[in-house]
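I have a structure I would like to understand better, so I am pasting it below and will then ask my questions one at a time.
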Amino acid sequence: MIFNIPFIAVVAMIFIGLYAVLFKRNLVKIVIGISIIESGVNLFLITLGYREGGVVPIFTSAPSDVASNAPGSMVLPVPQALTLTSIVIGVAVLALMLSLIMHIYRHYGTLDVRKMRRLKE
Amino acid sequence: MNWFETITMHSPALIVAVPLLAGFLTPLVSRINDTVRNLFVLIMLSITGILIAILGYDVLTNGIRTYVFGGGNTVITLPSGLMFHVRIIFEVDSMNIFMVIITIILAIIGIVYSLSFMKKEDGLDKYYTIVLILVTSTLGMELTGDLFNFFVFLEISCITSCALIAFWVHKGEALEAALKYIVISSIAALFFLFALGLLYAQYNALNMATIANAIQFSIIDQAALILIIAALTMKAGLVPMHMWLPDSYGEAPPSITFILIAATQAGLYGAFRVIFTLYGNVFNSINLAYVNLVITANTIGWVLVALAIITIIIGVFMALIQTDFKRLIGFTAVAEIGYIFLGIGVRLASKYVQYSGSSATAIAFSEYSSIALNGSIFHIINDCLDIGLLFLVAGAIYYATKETSLDKMGGLARNMKYTTVFFIIGLLAVSGMPPFNGFASKLMLYESTYQLNPIITIIAVLASILLLAVFVKVFYSAFMGPEQQKFKEVKEVPKGMLIAMGAVVVIIIIFGLFPNLVINNIVQPAADALTNYTTYISKVIPGVI
Amino acid sequence: MSEMSKIVRTLSNITFPFIMVFGLYVIAHGHLTPGGGFQGGAVAASGCVMLIVAYGSTWIFEKIKVSRLSAFESLGALGFIGVAFFGLIFGGYFFNNFLVRTGILFNIIPETGFTGSEFNTAGVLPLMNFAVGVKVIAGVFAIVVVMAYASSLKEWKQ
Amino acid sequence: MSTRNIVAAVMFSVLAVFFILTALMLSFGAPIKSQMDDYIITHTQNETGTNSAVTTIVFDYRGFDTLGEATILFGAVSGVLMIFRRVKK
């Protein structure tokens, strides 16, 4: 079980994020929650690709003894590529959400969910 | 190889690439002037439409077509006999074609409508850019055969729809609806990504056919299934997470809502694909190994039926009490989504009965389960057209009177004759009245549901009748009644909007008069494509099954 | 955002070229070392954002037209999809890496280890990296400029 | 305590149990299968002339995803610029 600690960390991050999204009343905190969930999922993907004792799958910086028995001694590259895509997606979503929140703040003068009409439910 | 064959071969990629290229070019083209930009957008979408027609003809006659991005072999075989995919694959079968046709019809009509509806707004070059990207993402979701690619397009669709919902930034409600939409759909997308990670950890593959071929339905797979279905039903607007749908449909510009409907249906398509193809060997065939588990076709089917019934009831009853025209139609859209999921649920549950019952019931239920699937698929296109038409009418009324509240309308039939006729057709179609298209699909749903449990049918029929009542009320309060002073100067909307609404009405009437034509030519092949999941798999992994 | 003190401005003047060069290095060596268009673009864009912090968003907003940044972003995206279309034309498939292992220039298999002399490998990948890099710099910079400028306007303050 | 809170708490606890159970079943450090990644690591230098396997995947094997990613950034920038446009009142 002790070897599952990275996965426990992933789950913990997802929970912290979900908690913020579900129970917090401040819009910025909700956005922070989504960001934390996303980090959790990214960490999950990275964690899936880890191979015991593996090095980064880049031949420029790999020691020659590692590179010679190549696939077995390197971590899996696909999850890293997926994470890369996912991070950029996260940045884009974050930018859009924050600009919406700026507009909402200008409109209502508050960030409290309870003061708004549609977001209340 | 002649040029037509070449175009057909590359069309799966071009269908996505052409509107994307158009989206990237629009900011540059719109520096010239507005007319050029509008023409450019229309022409690019028409080219996409032609490509879709070519591909659709090919797929419906010759079967599944695949496209490998980057070329090379579709499948890599190791000496040990393992086969897998490295590159992204688009795999197009009749179901994909069905969805893509819906999307492009809605996109072109939506663009034609917005050419006159949005004429007086600012920021139109960004508007058209984002609309093109939204259409691209919807097409991409519906064509792709790769799970991660589906996720990427899901996120594109989420971002672009959010930006478009917030188009009227001076309205606070629009901003709130957009924020709600993006929060819910990005959480849904992250759930999807998590589930994808679970599947990747199991099978080291991202291609749908490869995973479908290897699926074991272990506990992790079941967890992934639940997460994916939860994510996609969030995106499609099933009950626990339906609140974003009326908000965003109600607050977005109507031309956008019309295209958003297609984007929502893409999430629905994802649910179809995941249930019937990715987990096809569990839900689509006789596999006694999976009968004793907790999560079977039966439980998933009944859960979906229950959620669908709740969705229908909530949608209809919330629609009853709304006073805002567009929000009212939004809740109707929720109810219609419920009908589609009802079809899926009935299909799964009766498929289970078919395998566990005696041979006589087996034959009967096999027939009814396929009717349920057909009805469900047919209802997708009817839902798009009917709800879309109502939104276009609401937009036309807003354009003419600057009013969306039903209490303040009245007597509009005198000045807006065409719109009134279109609205009557829309209301009859959406509530499932005979000569129109909603009737055909709803009848199929009722018929199959009745075999499973008559109570469900009764609820569904009653909800449909209530829907009629809701819209008759709307009709009287908006179009009938005494002529109001402030609406005396109201004129009929411009020709572009009338053409767009007229096109939808023509399609609705054709579908309503000749439902068999549609069912035999596109709905039945789509249902067959979903049912024969082995064909889907063996197309990209030769020699399997 | 108003401009900051002279110390900050001078320091940001000094560090700005280094950040940009590092960003361009990461973009250019994306196919050999960790990094690539997105990462390098983000580094370079953060260098530009540092200027906003130091000089104030109003000054930057007047110096740089956001529509021009948006056009640059369009060009980057067009470059990317253009390379993909060239793959369709010359290689026979969308996104085909039609340059790799061809001709005199690219017919090299890179060696393992720090050799540092094999920049001309990988076919179209450096081109894509470059297009994405331009796109990310322009896009992220445009987002930050617009948001910073909008938040500094009077009508946004309560 | 409002209904919203109760619903949220129920959803939260269901998800909690669900995710924890899932996480406990995975194994860390030893991927069950790795045929696709092994293929990529082995062939990255020969097929694409790239030393970095991650870049190979991002731009070559799964280049279309990256196009989507670029599109997302493009869409977000267009969206932000559209939201912050000057609206005439």
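Every chain is named by a letter (A, B, C and D) in the order it is written, and numbering of its residues begins at 1.
Here, a contact is a pair of C-beta atoms (placed from the backbone, for glycine too) under 8 Å apart; a residue touches a chain by one contact, two chains touch by 3 or more.
Remember, it's a predicted structure, so these values are computed and weren't measured experimentally.
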**Request:** Determine which of the two chain pairs, A-C or C-D, is joined by the larger number of C-beta pairs in contact.
**Result:** C-D
**Complete:** Per the C-alpha means, the centres of chain B and chain D lie apart by a whole-Å value of 23
**Message:** Nearest whole angstrom, what separates the Cα centre of chain C from the Cα centre of chain D?
**Reply:** 21
**Request:** Could you tell me the distance, in whole angstrom, between the mean C-alpha positions of chain A and chain B?
**Result:** 29
**Prompt:** In chain D, which residues are in touch with two or more of the other chains?
**Reply:** 11, 22, 26, 31, 34, 36-37, 40, 45, 51-52, 54, 56, 58, 60, 62-69, 71-81, 83-84
**Request:** Would you give the residues of chain B that are in contact with at least 2 other chains, written as numbers and ranges?
**Result:** 20, 24, 27, 69-70, 148, 152, 155, 159, 162-163, 166, 169, 201
**Prompt:** Of all the residues in chain A, which ones touch at least 2 other chains?
**Reply:** 14, 48, 58-60, 78, 84-85, 88-89, 91-93, 95-96, 99-100, 103, 121
**Arrangement of touching chains [line / ring / star / complete / other]** = complete
**Fill in**
Touching chain C in the complex, chain B uses residues 10, 13-14, 17, 20-21, 24-25, 27-28, 31, 67-72
**Request:** Can you check the complex and tell me which residues of chain B touch chain D?
**Result:** 20, 23-24, 27, 69-70, 76, 78, 82, 84-88, 122-123, 126-127, 129-130, 133, 136-137, 140, 148-149, 152-153, 155-156, 159-160, 162-163, 166-167, 169-170, 198, 201-205, 219-220, 223, 226, 240
**Request:** Write out the stretch or stretches of chain C touching chain A in their complex.
**Result:** 32-34, 36, 38, 110, 112-114, 140, 143, 146-147, 150-151, 155-156, 158
**Request:** Sort out for me which residues of chain B touch chain A in the complex.
**Result:** 148, 152, 155, 158-159, 162-163, 166, 169, 172-173, 175-180, 182-183, 186-187, 190, 193-194, 197, 200-201, 206, 243, 247, 251
**Prompt:** So in the complex, which bits of chain C are touching chain B?
**Reply:** 70-71, 74-75, 77-78, 81, 84-85, 87-88, 91-97
